[in-house]
């Protein structure tokens, strides 16, 4: 086994802790560089250990994969702790990502990345975490689509999405009767191709670079479009 | 205690699992409807339990709160599973700007620039984008003031700003300070002596106090060495 | 003009410094001063400082006010030393407090740069030790997420969203090529100009490029080099940054007919 110091069960616990989506046993085996049998034995050990009293996590088999979740009996305490949404100031990356989702929804992450010119992964993850956006279906290419939530409307004091501010004040080319989406994509691509846009000016300023430790990369296969490859790392 | 079925330690484990950012002990106590003392005892029990072999998570005190993170020895496997780029390390300019903000906060950009001798805009912008610093009020002259964020503390493994060493820890040693002074003044002479055709090796720069060195004028005529001898170029 | 037998001072190119890595001029100066293998006596401090400031300017990071302040400090240091090198009795008369204070300030600021550089290195190493600790980041379970809306209140301004979209809608400015005056000034034009001046026997380079833009200055230098190569003139400069005097050489072929013939021959 390649992992030293901590054993396989511990490593699998850590991996499941880090991934919000269920992970298949084969993916765990690959990551730990062990056989599927060893992985399944370790998952069993983990399930047993978590089943003991004194543990607040449970191992669950979901959608063909494995996931950790909080123990259902801790939900009341969780509601009390998390009842009030956390609303720290939005970073520039978060505000841009949220604005794109708000005005264009539903929108996929690759599209957000193309508009921003940098990977939108970490900002999207934070917005998901804070409940400002949520997943809503799949694009025709299979990419997850995002939309804003009711919490978003409440936190921005909006009755509905129709109450979003008018863009005319910020619109540099109102004479163009194009769709907002097309114009955003065009501007994003122009920034990228110029090579002088955010992606270059601010190394590390994009999605994954911003606060990656606090975020977890989803399966990259979710984002089949090439723009996602524009990482600033 | 209000939590039934799972004990307090387990509930705290679950709460920390759900919250991506460090949570203060008082907030945990409130959520679990127990005293702070009980909470702290439970946190200790949890830390001990996680410290045992076979566990892939670590309990950490960060940014004034408590957080769960993966065990660093599982990093290799995590990188393979998450296929996520590493956090881009800070550039020298970003690290220096961050250090100035960390030690002097709240501090304005002109102040940062003055210390660095160079425009601090792009470095500050990147730090803002990465969520390591944030705006915090205005100086009396109306300049935006910057301070570090909890994310900074979290990512740098700090419980509070007090955990940073005192700035005087980075004072140059008296010998180094002397050498700095000495070499700098001699460099000034070299430049000037170019016109006179004589380079001066300042012997008088080793003494006491600050001002004195500046006024110890080695008479160029005392220097027996012609300029050519100074160089081995 | 290089003096025979005297090696020219080390310039930036000789030092193999990667300017990218410096956090600012103080950092550069500090690195240079502390570099043991480099004897500062051999270093052309002015060249290095100016080259670095050029570099910063090229990157759009130069703050003119800061650069000026920095140069003033360096200049004060040099001025102080120059005064100190004058014979004893003159020091009393000439030594004012200002340069000494400015030099002292430069030293203080270098010391400060040293401190923050140390602090920056410390932060960098802290960050790298934290590399293996990853945090979970996942949306809250549905049941808890739903419970939060009633307790939420408006804390964010909707205008922030519109502004963010406004920024994203901006098309990058087209690359401005106006400052590249491809054919505004030709070498032939400047050749003629220089030759006109040469008829006087000699002239100052500054005079030849009075009120000219940078490209014109550069092309004027090409023209002078060309004429130097052809033996029509020589130029002298008594000291670095001093005036450049251009003198016609005897027997120079400066009549327009010859110029025309030369051009035709090319």
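Should a chain be cited, it is by its letter among A, B and C, assigned in written order, with residues numbered from 1 in that chain.
Convention: contacts are C-beta pairs under 8 Å (C-beta built on N, C-alpha and C of every residue); 3 or more make two chains touch, one makes a residue touch a chain.
These figures come from a predicted structure and were not determined experimentally.
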item	value
Omitting subunit C while every other chain stays put - resulting connected groups	one piece
Label of the chain whose CA centroid is most distant from the centroid of subunit C	A
Centrality ranking, top chain (CA atoms only)	B
Rounded Å distance, subunit A centre to subunit C centre (Cα mean)	43
Gap in Å, rounded to a whole number, between the CA centres of subunit C and subunit B	29
Multi-partner residues of subunit B (at least 2 other chains)	17-18, 20-21, 68, 70-71, 73-74, 78, 86-87, 90, 122, 154-155
Contacts with two or more other chains, residues of subunit C listed in rising order	130, 133-138, 140-141, 144
Residue numbers on subunit A that touch subunit B, as the complex places them	2-7, 9-15, 17-19, 23, 27-28, 30-33, 49, 53-57, 68, 70-71, 73-74, 76-78, 80-82, 86, 89, 91-93, 129, 201-205, 208-214, 216-217, 220, 231-233
Complex contacts: residues of subunit C adjacent to subunit A	130, 133-141, 143-145, 147-149, 151-172, 175
Touching residues on subunit C, where the partner in the complex is subunit B	3, 5-7, 9-10, 21-27, 29-30, 33-34, 39-46, 56, 61-63, 66, 69-70, 77-78, 80-82, 84-85, 87-88, 91, 95, 100, 103-104, 106-107, 109-124, 126-138, 140-141, 144, 239-240
Of all residues in subunit A, those that touch subunit C in their complex	14, 17-18, 20, 69-70, 75, 78-79, 82-85, 87, 90, 92, 95-96, 98-100, 102-103, 115-116, 125-126, 128-129, 131, 134, 149-151, 154-158, 163-167, 169-173, 180, 183-184, 186-188, 190-191, 194, 196-197, 213-216
